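Each structure below is given as structure tokens.
Paired with chain B in one complex and with chain C in the other, chain A is shared by the two complexes that follow.
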Partner chain A sequence: MLNVAVSGRDVFDAFKGTLNFVFRRNARLSAGFTIIFCLLLIAVLAPVIAPYDASTVGLHLLDRPPSFEHLLGTDTLGRDVFDQLIHGLRQSLIIGIFTGLAGLLVGTTVGIISGYKGGWVDDLLKSVTDVFLVIPTIPLLVVLSAFVRYMTVPYMVVILAIFAWPFPARTFRSLVLSYRKREYINMAKLSGLSDMKIVFKEVLPNMLPYVSTTLANTISAAIMAAVFLELLGLGPQNTITLGTMVYWAMERAALIRGLLWWVFPPMIVIVLIFIGLQLINIGLDEVFNPRLRRGVTA
Partner chain B sequence: MSPLSSTYMRYIGRKLIPYIITVFVAITANFFIPRLIPGDPITVMLSRMSLSGASTADGAEIVEAYKKQFGLDGSWLTQYKNYILNLFQGDLGPSIMAFPMTVHEILMTAIPWTIGLLVVATVISWVLGNLLGVLIGWRRESKTNSVILYLSLCLNQVPYYFIALILVFFLAYTLPIFPTTGAYSVIGTQYEGLRLVVDIVYHATLPALSIIISFIGYWIITMRSLIITTLGEDYILLAEAKGLKRSVILSKYAFRNALLPQTAALGMQLGFVLNGSILLEIIFNYPGIGALLFLAIGNVDYNLMQGILLLTVLSVLSANLILEMVYPLIDPRISHGGD
Partner chain C sequence: MSGSALAIEDLKVYYWTERGPIKAVDGVSLSVKKGERFGIVGESGCGKSTLAMSLLRLIKPPGTIEGGRIGLDGTEVLDLNDEELRAVRWSRISLVPQGSMNSLNPVVRVGSQIADAIKAHTASRERGDMKEQITELLGLVGLPSRVYRMYPHELSGGMKQRVCIAMAIVLKPQVIIADEPTGSLDVVIQRVVTQTLVKVQERLAASLMIIGHDMGYLAQLVDRLAVMYAGKVAEVGAVENIYNDPLHPYTQLLIASVPSVKEKKKLLGIPGLPPNLLFPPPGCSFHPRCPEAMEECREQVPELREVKPGRFVACHLYHADVGTAGEGGE
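On to the complex of A and B.
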């Protein structure tokens, strides 16, 4: 039986319709989106919310507990913790989102080419992906970051992106493999559409739901890895991120001196990012995979 | 499938080739990546020596002598050739920062700590997490169980090093119950026998707890969803129709089937043990592999870095390989055609 040709536009409309439906129905997805949206809003509005210089040392009294003047107190270097938190959030999200997008872009491209082309191209790309998937990335990340003498946010994105693409690549390869045999792809081929057109008009729109979950995953993994490096003291040196905040707090023994307002806020915000992304992920899974819904919500 | 059948042999053969390629790529990467780090080990060592007051007279000559000693003379290509040749003889070379110890000797002092701490902690969290997972997957309607589920969903998102920091704050600073650094008491008395064991367990409690707490959420979630999926299968319906007791169905049908993927996941997790321990060992000042890698990077000790990276690669790859070899033997549904 031949399927009625579905254009990308139709799929997109259906996707939008589902989203509308879902937001009213799936509590986890809405909660996740709300958390991430608020954090993004704060990050975008950072210069408005915290217009003061967050990274300059010695502007304020040292080690002040939270007050009306300094909502989250000040640190041992005389910086306002709230200002740092807002700007740190911005930088951490920038690292996460750009790494996530880079990983997704490279991963999807590799995965689609690999799955769609097959043959030796697939063999080659699949072996490279497999090597990256099994190599322990954390020690390599540490060594690579030590190689960059003066770490900045863009460098960090590049280093993290090296390890961010293999998972999307594997996911999309197997997805494309399952689509390749479908009737409508055959129809498109028979009607003489070019490979590029088939990929962009027929294959890609079908994978939109997976694109969104994969993006949430890669962003989460990227922020996790970034925080890890930052806690080792290998983070960006010219800007404040959430991870470097925790690093400096630990470096100055903030915990043992009871400067809790310095250590815990960045940790809480980091965990909030992870929880938000995770909720989005579970929610999307439930929406696009109704079999799961019965299982998870009960 | 029997382990000696020819289909199984062919399956293993096909699986083995990518592993061999990966090991080779990893070995090569291990050689070149440390050499990208700015600064060379001999200069670092000499500057440290002169700082500590030793007279380093003929600079150039000494540098040459040291380079020869550590196999760092000649071009990268000759060094690479020697490195590969030595590796095949099981020789990881001398450590540069802790000369005259060899990399092999240093690794041997660190491995037991890392493995002892992380393997035990990982297994404990696996056992507890799976038991809880079965429990809340079985009685889905209960309020407490959904609280446990949401707690584990949140816990699963808290990195282990944050849990470590929180534990240190509460159980070492606020209530000084546990020590924060080291793997055993150094100052004062040297314990022996049973007291030494107690001392080591005492020191390992906080780091182990942080691993247990941070991974238990994952096992609870996965076990729960496995149990729920299995309970929806047709053969469970049949078992119910036969009039089997719910406890029998749970233990003999659902739990057993869910245990297989969970054991495989544990295997993978154990392969990554050496990988994820860096921050934990640094926070707790634990004398394991992770802390050692950080030291090696700080001292630009190429040989030691190569050794540690090799160790982590091999442990992950062998965990993978063992799983792929064992899986078709236990689970006949794994097809050995295609991928």
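On to the complex of A and C.
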């Protein structure tokens, strides 16, 4: 179901066709989409849904278990956990999506230029990519984050994006290498299409399946890295994210004190995000790669 | 060489290997008249495809065009810079590729692939209604207009090849090069594609250069024929003359190896193999396989000379005495 085309109507047709196909035929993909869609909806509507002000300390009684007033109870600082969860989800998704998009954008650009141009351009970009791939990411992330005196969500996105692009770059470089020798690319060159046109109209449409799976991958890697930093206490200081929630809960020994409603909800949501993205990833792979399809009747 | 749409002079294309150059095209001179169907025939590896590609300057490293001239109706193709070359390609000389199966992008609709070629060469206000233009073009090559919105995988091999023909003529070039346009198609489809090609060529009054290895196929199709052997032209002439009275021993053997339906006779192959172009034999490159090889053939490279009006042969048999040369072939 590789409906990729140029005009608006084509895109719409393709989109409709793909949606139909996906929801009728691939259970993983539809499950993944449903999970992520629900989480996104909650995140977008956070200010509307959240009953209280999540960032103000001492608004409520401390350490209350779940009740009708506080669906997931309150924490040791007198904040509503449900509130925090919703706002945390929103911030975590923002970090993940923006980092993922930035990594994908930079990665594909570098990869395509590198693969398509070849020569010294390729040598240079390839070496830079290799260096970034070789550097141990996690320790460097820790060091970099420690340097930022007042961590905010945009800073977080920038720092994570530095390490999000090399993998897509490597992937797309090798893809372009395989596409640029195809006969139809030669024909396009011969018929006078400029390099930009060839990349956007001839090469890129072939790679769209990889673009979408790579996006799902970079987003989930970005959220993973963000949560990791937040657990170390290096997360944004002015807002709540899922990782910082767990960090504060741990710091206040919530587990030992039996405040399970404080620790587990953010963890469960984090896991849900990963499951959703992975399902999308695997599902897309199955849809785009006919060899992986099973039980599909035409 | 007025009146010729394409004039090739002493063209040399070499592929550079560690053991020296492979002379794939070695001093070829040909001219194709306006509106003419010109065939190039030769066995695999004789340099005919390389010749075709070099006309569009599509030779990729390690291949290089070493020398010669390619005149395209007054334009020196080899002297053009990249921008000029881009303008000339497709609008004045275009290609129907060998493997049409792979020549269309699988994820782009046929219509928009054809449109891209138009867009690359014309300013937006000169274009007019492209959809109408392209549909008409598809009609010309005998495809229904719904092909416009189809993907290549929805088309059969013959249809794809016809799309390629349509693509080749979008800009109404004067010269169309078809590199084995019917390779990998069955005979019925071959015929349809060939008819399409001829129809299109006549409509545009363009010159058509067809590369092939099938003497029988080319015989029905072209006006003049060049026989290539080991990177050189062995013989050029009007196709009837070449068939009725082949001069070069290679041509004779080539024709003798086409089976005849009328009479049952033992087919004569050509003994031996084409020479290694890395170490071509001295003298005439055909002499190791030639039944009429003489002492001279081992030493001197025969030049392509006009031995009868309109008939060029590169063979020592005819060069000694032009007057009696005709008998050699009968």
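Everything that follows uses one rule, which is that the second predicted complex is superposed on the first by the 274 of 298 C-alpha atoms of A that agree within 3 Å, B and C clash if a C-alpha of one lies under 4 Å from a C-alpha of the other, contacts with A are read in each partner's own complex, and residues count from 1 in each chain.
The criterion applied here is as follows: contacts are C-beta pairs under 8 Å (C-beta built on N, C-alpha and C of every residue); 3 or more make two chains touch, one makes a residue touch a chain.
The structure presented is a predicted model; accordingly, all values stated were derived computationally and were not measured.
**Student:** Determine, under the contact definition given at the top, whether A:278 touches first (chain B), second (chain C), both, or neither.
**Tutor:** The first partner, chain B, only.
**Student:** Given the touch rule stated above, what does A:149 touch, chain B (first), chain C (second), both, or neither?
**Tutor:** Touch partner of A:149: chain B, not chain C.
**Student:** Of the two partner chains, chain B (first) and chain C (second), which one does A:67 touch, if any: first, second, both, or neither?
**Tutor:** neither
**Student:** Figure out whether A:263 sits in contact with chain B (first) or chain C (second), or with both, or with neither.
**Tutor:** first
**Student:** Just chain B (first), just chain C (second), both, or neither: which does A:227 touch?
**Tutor:** first
**Student:** Specify the partner with more touching residues on chain A, choosing between chain B and chain C.
**Tutor:** It is B that touches the greater number of chain A residues.
**Student:** Please work out whether A:135 is in contact with chain B alone, chain C alone, both, or neither, and reply first, second, both or neither.
**Tutor:** first
**Student:** Go through the superposed model and pick first if A:191 touches only chain B, second if only chain C, both, or neither.
**Tutor:** In the superposed model, A:191 contacts chain C only, not chain B.
**Student:** Could you say whether A:237 touches chain B, chain C, both of them, or neither, answering first, second, both or neither?
**Tutor:** Once the two structures are laid over each other on A, A:237 reaches no partner at all.
**Student:** Mind sorting out which residues of chain A both chain B and chain C touch, each in its own complex?
**Tutor:** Shared contact residues on chain A (touching chain B in one complex, chain C in the other): none at all.
**Student:** In the complex formed with chain B, which residues of chain A make contact?
**Tutor:** Touch residues, chain A against chain B: 127, 130-131, 134-140, 142-144, 146-147, 149, 224, 227-228, 231-232, 246, 250, 255-256, 260, 263, 267, 270-271, 274-275, 278, 282, 294-296, 298.
**Student:** Contact residues on chain A for chain C in the complex?
**Tutor:** 2, 4-7, 10, 182-188, 190-194, 197, 201-202, 205-206, 208
**Student:** Of all residues in chain B, which touch chain A in the complex?
**Tutor:** 18, 21-22, 25-26, 29, 33-34, 36-38, 140-141, 146, 153-154, 156-159, 161-162, 165, 168-169, 173, 225, 228-229, 232, 272, 274-276, 278-279, 282, 293-294, 297, 305, 308-309, 312-313, 316-317, 320
**Student:** Give the list of chain C residues in touch with chain A in this complex.
**Tutor:** Checking each residue of chain C against chain A gives 56, 58, 86-87, 89-91, 94-95, 97, 99, 102-109, 112, 116-117, 120-121, 167.
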